[in-house]
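Shared between the two complexes below is chain A, which has chain B as its partner in the first and chain C in the second.
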Partner chain A sequence: MTKRICILLLMFQFLLVTGCWNSRELRDLAIVVGIGVDRIEGSDQYRVSFQLVNPRAATGGKVGGSSISEIPNIVFTSDDHSMFSALRKTTQKVPRQLFFAHSQLLVIGESLAKEGVSDVLDFFERSHEMRLNTSVVIARGASAESILKVITPLSPTSATAIIGRLKVATDVWAHNVNEDIGSVIKKLAGGGEPAISGIRILGSPTQGRAKSNLDYSKPPTILELKGVSLFSEGKLVGWVEGKSARGVVWALNQMKSTNVSFPCEDGEKGVSIEVIRSFTKIRSRIVDGSPRLSVKVKEEGSLSEAQCKVDPGSNEDMMKLRRHLAEETKAEIRMALKAAQAKKSDIFGFAAEVKRTSPKYWKTIEGDWPSIFADCEIDVDVEAYVRRTGMRTKSLMKTNGARTSSSD
Partner chain B sequence: MFVRPSRLQPDGDAPGPGAAGQRAYLAQAPSAQLEDNLAYLKAELGGSPDIVFRRIQIGAAQTKAAAVYTDGITDKQTVNEFILRTLMLELDSSAEPGRSLLHDINLHALPVGDVRVLTDWDGILLCLLSGHTIIFVDGTAEAISGDTKGGEYRAIEEPSSQVVIRGPKDGFTESIGTNVALVRRRLRSPNLRLEAFRLGAKSPSNVAIMYVQGIVEDKYVLELSSRLSRIQVDALSGSEQLEELLADQKTPFPTTMNTERPDMVSNSLLDGRISIFVDGTPFVLIAPFTFFMGFQSAEDYYQRPEAAFAIMMLRYAALIIALFGPSIYIAAITFHHEMIPTPLLLSLAAQRETVPFPAFLEAFLMEFTFEVIREAGIRMPRAIGQAVSIVGALVLGQAAVEAGIISSAMVIVVAITGISSFANPSYNMATTIRIVRFTMMVAAAILGFYGIAIFSLVIIGHMCGLSSLTVPYMSLKFPYTPEGERRTVYRIPLATRRSAERNNEGAAVGLGARDAALADKTASQTEQEGKDAQ
Partner chain C sequence: MRTPFISPTQLFAMIILFELGTALVLPIGLSSAQNSWLSILLALPGGILVYLLFTYFNKQYPSMILSGYIRQIVGSYLGWPLALFYAVYFIYISGRNLREVGDLLITTSYDQTPIVIVHAAIMGTSMYMIYKGIQVLFRLGEIYLVFILVLGLLSNLAVALSGAIEIRNLLPVWGEGIGVTLRSAYPNIFLFPFAELIAFSAFLPYLAQRQYARRIGILAILVSTVMLSITHAMEISVIGEDMYSRATFPLFTAITTVEVAEFVERLDALVILALIIGVFFKMTVYAYAATAIAADIFKAAEPNRLAVPIGVSVFFVSMMSAWSFPEHGLEGAKSFLTVQPIFLVYIPILLLLVHLMKKRFGHRGITSG
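Right after this comes the complex of A and B.
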C-alpha cells in the first residue's frame, strides 16, 4: 500500500514540474500573427519582422477591472543571415516566447522578391512551428516591416487586416489571389511560378505607425491590395493590375465571383454582370514539336445593374449579354496571358500541365520552358451564361425605340 | 424449478443458521415457568423501558400469563383490542394451564392474521423486535406471537431525489411492506414473485427481492439469491451497503441502480430485472444495471418518443461535457494553442494575462470550490441556505474574475460543467463522473489531449471489464431481445415495445407494458412474436 502511495506521489510531482514537455501557459506566449522579410540594402542580411498581438489591447475589453489603452500591434525586428537565427535573436527583445501557430500572413519585401523568394521559404517549410497555410503577399514600394507597422482600423493588427482584405476581395472582386506558403512552394518546386498579391501603403508610412492614424474618420494611411505578381525563375519580374490581374485569377481557376461591366450600345452608360460561378481548365498538347496551350472557361453570371434597357424576356437581349460577358472575359484572360508571356512568367501552371500530359517532351525542353512559354500560342475559349436578372424583371427605364426590335 | 439456498419468510419463524451460531451462548428454549421466562427476557433486553410486560390471568382456571410487546413499533389499538381484550375478557377456555391452553388461545382467541407458535428464544426475540406481541402462558415452554406491527411511518410522498414533471408522484418510504405494496399495485400479475431474506447478524434487516417469473432469466435470480445468502454483516443500515456488497468488482462506478420511484421499479421488472427492497430505506435497488441505464429517466416514458429521444441525447451530451469540460479547456490552453481559433485565443490570452496560476491550478481551484459549495448546499441546515448561495456566487463569479484570481472563461467552463453534471438522472453515476473528471483534469494537465485520450481508454477499458450481476456493464442489449438494444440506447415508441418474454412454458406473460388494460392483448402479442421470430 505504501508502495502504491509512493508511486502516486511520484506521479503527482509531474504536475509541479514546470515547462514539462510541450506544456506552455498562454501568459508566456507572444502570439505572432504576421511575419515580414526584407533584404537589407547593400547587405546579404535579412531583416525579419514579427508582428505580435497584444491580447489585452486586441480584445479591447476591460481586464481585471481596468480598461486598456495600449496599441494592439507590436513589431519586433532582427537582422541576420538566416531566418532562423533572426527569429532566435528576437528573443532578446521580446519578453515572451514567440508562438507561430497563429501566424496568418507572410509579407515579402519587394526588393527581396526581386532577388528570389526560394531561399526564405525553405525555413517555412522545414520548421515545425510554422504553418504552410499562412497567406503570402508582397509589399509594393515599401518594406515588409513598414507594412506590418501600419495601424489599421477595424482590425487589431495589420496582418489580420490584410488577411481580411485578401479573403473578401478575392472572393467578390477577384483582382488578387490568396496564395499560401504551401502552394507557393509547390509551384516553385513544380517548374511553374507563383502568383502573389501585392500590398501597398496609401499615405505616409511614418504616420501610419502612430496611433493617431485612427483619429480620423478617413484614416490618412491605409493598406491596399494592388496587383498580382509575375515571377520568372523564382524572381519577381513585374506586376499585372486591373483587368489583366482579373484575367490571371480567371486563368488560375480561382474566380469565385466578380463584376464584369461593359458599355451599352450607345456607348456611354453601362451594364454590369455579376459572375457567380466560373470554372477554368487549362490544356496542353504537342503539335509539330511545340506545345499548343489552351484555356477553357465556363462561367455563369447574373445581371446586377443595367443603366440602359435590357429586357430579360427577350432572347436577343439575353444572348447579347452572354456574348458580351464571354468577350470581356476572353479579352481579360488574353491580356493576362500576354503580360505573363512578355515577362516569361508562367504563373498559370502550364508547366505542370505539359509535364503531366507530355512527360517525354517536357524532359527535352525543361530548362527552356520560360522562353518556350513566352512564344506559345494560347487559345482562349469562353462559354458564358446569363441566367438571372436580379430582383427585378422589367427595368424602371422607359421603353425606348430599341424595344420594338425585340423579337418576342 | 431450481434449488435455492436458505430462504426465510418476511417475518421469519426461524433464524438463519448464521444467526443461530452467533447466539449459541443463550439459553436455546424458554422454560415452563412464566416468571423465569419474563425475567430472562428482561435481562436479555437489558430492561429497556419500551418493552412492555403485561401480566394477565386467563381462562377459567385464571392461569398466569403475560403479553410482551415493544412499544412504538406495535399498533396499540391492535394490541389492546385483539390481544389483551380477547385474552382477558373473551377467552372462554377451561383447558388446563400449559400447552393445551396455549393451543386453545392459538385456535380460538387471537383474531390477528399472522400467529405463530415459537419454541426458541431467537425466534421470540426476533418477533418481539419486529413488532409482534408475544404471549407466554405459565406451564408451557412455548410462546405464541401475534402480528401487531404498526407505529408511525413517513407517509407516501413525492420522491425528492428523482423528480419528474409528468408521471406518478408517489415514492417509496422506509417501510418495506409499503414499498412492496406500491410495486404490486402497479404490476397486477400473478407472476410477480417476492422472496425474503434476513441479513445482519446483530440486527437482522428484512430484505426482499422481487421479479416477474417468466420475464426474468432464472440465472440472475439464482445468482442474486446466492450472493445475498453469502453476505455476512452485523447490520444493514440501508440499501447503499447492500449495493457495495453485491458488486461484482471493485469499482467507483455504480453497478446497481437505486430508485425512489415505484414506476421505475415496475418498468425494470418488466424488462427482466430484479429489484431488491431493504427495510428502513426508501431506495430500492435494481439489478442488473448497465451503464446506459444510468441515463434513462422515468420521464422518458411519460413523453412523446421524439421528445424523449432528444432529451436522452441531451443527457449524453451533458455526460461528455461533465466528464471532459475542464480537461479539454486545460489541454487546449496549455498544450494545443494552435487549435483554438485566433480571435478566441486572443480573448483567452487577454483574460489570462492577470491570472497568476497555471491553467490546471486555476481549473482545479474552481472545480474544487464548486464541489465544496455543492457539498455545503446539500449538508447545511436549510435556514442558512441563502448564505451559501450568496457566498458561492461571489466565489464562482464576477468577483473572483475581477480580483484577478481566475479568468472569466474558467467561470464559464466550471458553470457549464456543473450544470451538465446535474443533468444526469442518476445521482450516484453523477458522483462517479465527478471523480473521473478530476482525474481526467490531471491527465490533461500532464499530457494534454494525449493524456485525455490515454485516460479515456483506461476508463473505457475498466468499464468494459465491469459487470453487474454477471451482465456486462457496457452491454447495450439487456434484456437480450432484438428490441432490447433499441430500448436501451433510445426510447422506442410504446406500440413497438413488448414485454421481454422468456420462459414460455405455460407461464402467462407479465401484464402488458404500462397498464392492466393491455393484458388481454398479451395473447395476440405472443402470437405476433412467434411470427416475428420466424
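Right after this comes the complex of A and C.
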C-alpha cells in the first residue's frame, strides 16, 4: 500500500513540471515587432535591424509615478552573412532573448530588393517562430534600418505605425498592397512576381530618430506609403505610383474600397465615386500558340461627392456615372499593365494562371515567361455599377450654366 | 478463450484515427504534389481491397490473428519466421510514427527539449495502453474520435472563414497528367496509409458483431479517405503547390496562415493536438499488433507483459532508425519501394493464393489419398 502511494506521489510531481523544459519567462523576452534587412554596400553581409517594444513605454501612462516617459522605439542592428547569425549576434547588445512570434513587419532595403530578396526569405519560412502572415514593405530611398528608427505619433513603434497605414490605406485608398511573406514566397516560387508596397521617410531621418519628433503638432519627420514595387526575375526593377498603383491593386483583386474621381464634362471640378466592392478575375487562354490574357473586373460604387450638376433622377446621368467609373477603372488597369509589361514584371500572377490552365504550354516557355509576358496582349473588361447616391439625390449645383456664367 | 468485445462503433473510430494518424499532417504521395488529394481518392479502392482481404482471412480463420493463419497456410517452419518478421516490421513502423510526432513537436514548439523526453512521454502512455489491453484502447479511441472530428471541423471552419482558400490553386485538376497522379496513388498512397490496415488483422478476431466488420470497415475507410482528401486539398489551396511540396508539415504551415478577424489566429495547437491523437493511436495499434504476434508465436502466458519489451523496442527504433528527420523521410521513401510492398502486398497476396489452392486441391488430395 505504502509502495503504491509512493509511486502515486512520484507520478504527481510530473504534473508540476509540465512545460518546464521549454519554458520562457516573459520578463526574459524582448518582443520583436519589426525586422529590417539591408545590404551593406560593398560587402556581402546583411545589416539586420530588430525593432523591439519597450514594455515600459508601451504600457503608456506614468509608471511608478515618474513623468519621464521612455522612448517606445528601440532598434538594435547586427551585420552578418546570414539572418540567423545576425539575430543571435544581436544578443550581445540586448539584455533579453529576442522573441519573434509577434513580429508584424519585414522592411527590406531598396538596395537589397534590387539584388533580389529570395535569399533572405528562407529564414522566415524555415523558422517556426516567424509567421508567414508578417507584412512586407520595401524602404524607398532609405535603408530599412532608418525606417524602423523613426519615432511616429499615434503608434508605439514605427512597425505598428506602418502596419496601421498598410491596413487602413490598403482598405480605403487602395494605392498600396498589403503583401505578406507567405504570398511573396508563393509568387517568387513560380506564380509571377511579388507586388510590395514602398515606404519612405518624409523629412529628416536624423530628426525622426529623436523623441523630439513628437513635440510638434505636425511631426517634422513622418513615414509615408508610396507606390507598389515592380519585380522582374525576383529583383526590384521599378515602381508604379498613383493611378497605375491603383490599377495594380485592381488587377490583383485586392481592391476593397477607394475613391474614383473624374472631371465634370465642362470643367476641372469633379465627381467622386466611392468604390465599395470590387472583384477581379484574371484568366489566360492559348490562341495560336501564344497566351491571350484577360483581366475582368466587376465593381460597385456609390456617389460620394458631386461638384457639378448630377441628377440621379435621370437614367441618363446614372448611366454616365457608370460609364465614367468603368472607363476610369479600365484606364488605370491599362496603365498598370503597361508599366509592368515595360519592366517585364508579371506582378499580377498571370504566370500561375497560365501554368494552371495550360500546363503543357507552360513547360515549353517557362524560362522565357518575363519577355513573353511583356509582349502579351491583355484584354481589360470592366463592369461597373453605381448603386446609391448618398444622403441627397440632386446635387447642390442646380445647373451647369450657373457656374460657368458667373466665372465669365 | 477469445472473448469478443470490440463493438462496431469502436472499430469504426479506430480505423479512422489510424488512417488519419500521420497521413493528415505529413506530405503524402511523395510525388505529384499538386493533386495529391485526387491521388488519395484514387487509392481508395486499393485500400478497400486490402481490408476485404483481411476480413476474408478472418472469416476463414475466425479465432486467429495474422501470425496464426500465416502458420496455418504456409506451415510452421516457414510461417514462424515470417510471423516474426511481421512483428519486427510492426515495431519498426510504430517507431517511425513516434519519430514523426516527436519531430513535429520539436520543430514547431519544443525546440529545446531533447527527443528522448518527448518520445518517452508518448511511449510511456502507449505502453500503458497496451498493458491495459485491447478493450481500453478501443474505448479510448471512441472518445478521441469525437475530439478529432471537432478539431477538424473547427480548423476547417477557421480556414474557410479566413478566406485563405484559393480553389484555383488546385488547377489543373490532373496536374502533370493522369499517369503521374496514378503513380502517386499506386503504390505510394496505397501503401501509406491504406495498406497499413494490415495491422488491424490483430484485432479482427475480437470483434463483437462480426457480420458488420466489412460494412463498418469500408465505411470507416471511406470517411477517412474523404477527410484526408479534403484536408490535403485545403492545404494546397491555402499555401499553394510550391510551398506544399516543400513543407515539412504542410497542414501546420497552412493553419499558421489562418487569421480570422485578427482574433482567431495561432491555431497551430489544433494541428499538434490532432497529430498527437492520431499518431498515438496509430503507433499503439502497430505496437499492439506486434505484441499480439509476439505473444502468439512465443506462446506467452501473459501477453500484457510483452508491452514493456515491445514498447522499449519501439522507443529505441524511433530514435535510432535515423539520425535526422530528412534521413527518416528518405528511409521511408526507400522502404516504400523495397521492403514495405513485400509485407503489405506481396506476402498477403501469396498467402491468399496458397490458401485458395489449399482449399481447392487440399480436399481432393485427402479424398484421393
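The rule is simple: the second predicted complex is superposed on the first by the 371 of 408 C-alpha atoms of A that agree within 3 Å, B and C clash if a C-alpha of one lies under 4 Å from a C-alpha of the other, contacts with A are read in each partner's own complex, and residues count from 1 in each chain.
Convention: a contact is a pair of C-beta atoms (placed from the backbone, for glycine too) under 8 Å apart; a residue touches a chain by one contact, two chains touch by 3 or more.
Since we're looking at a predicted model, the values are computed, not measured.
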> Of the two partner chains, chain B (first) and chain C (second), which one does A:M1 touch, if any: first, second, both, or neither?
Replying inline: neither
>> For A:N22, using the defined touch cut-off, is the partner it touches chain B, chain C, both, or neither? Pick first, second, both or neither.
In response: both
>> In the overlaid three-chain picture, which partner chain does A:F99 touch, first (chain B) or second (chain C), both, or neither?
In response: first
> If you stack the two complexes on chain A, which partner ends up touching A:I31: first (chain B), second (chain C), both, or neither?
Replying inline: first
> Looking at the overlay, what does A:M391 touch: chain B (first), chain C (second), both, or neither?
Replying inline: neither
>> With both complexes superposed on chain A, which partner does A:K186 reach: first (chain B), second (chain C), both or neither?
In response: second
>> Touch test for A:P359: chain B only (first), chain C only (second), both, or neither?
In response: second
> Which positions of chain A sit in both the chain B and the chain C interface?
Replying inline: 21-22, 131
>> Under the stated contact criterion, what part of chain A meets chain C in this complex?
In response: 21-22, 125, 128, 131-133, 182, 185-186, 189-191, 353, 356-357, 359
> If you look only at chain C, which of its residues touch chain A in the complex?
Replying inline: 107-113, 117, 168, 171-172, 175-176, 239-240, 242-243, 253, 256-257, 259
> Can you list the chain A residues touching chain B in their complex?
Replying inline: 12, 14-15, 18, 20-27, 29, 31, 33, 53, 55-56, 58-59, 61, 63-65, 99, 101-102, 104, 131, 156, 160
> For chain B, which residues count as touching chain A in their complex?
Replying inline: 333-335, 337-338, 342, 345-355, 358-360, 402, 404, 442, 445-448
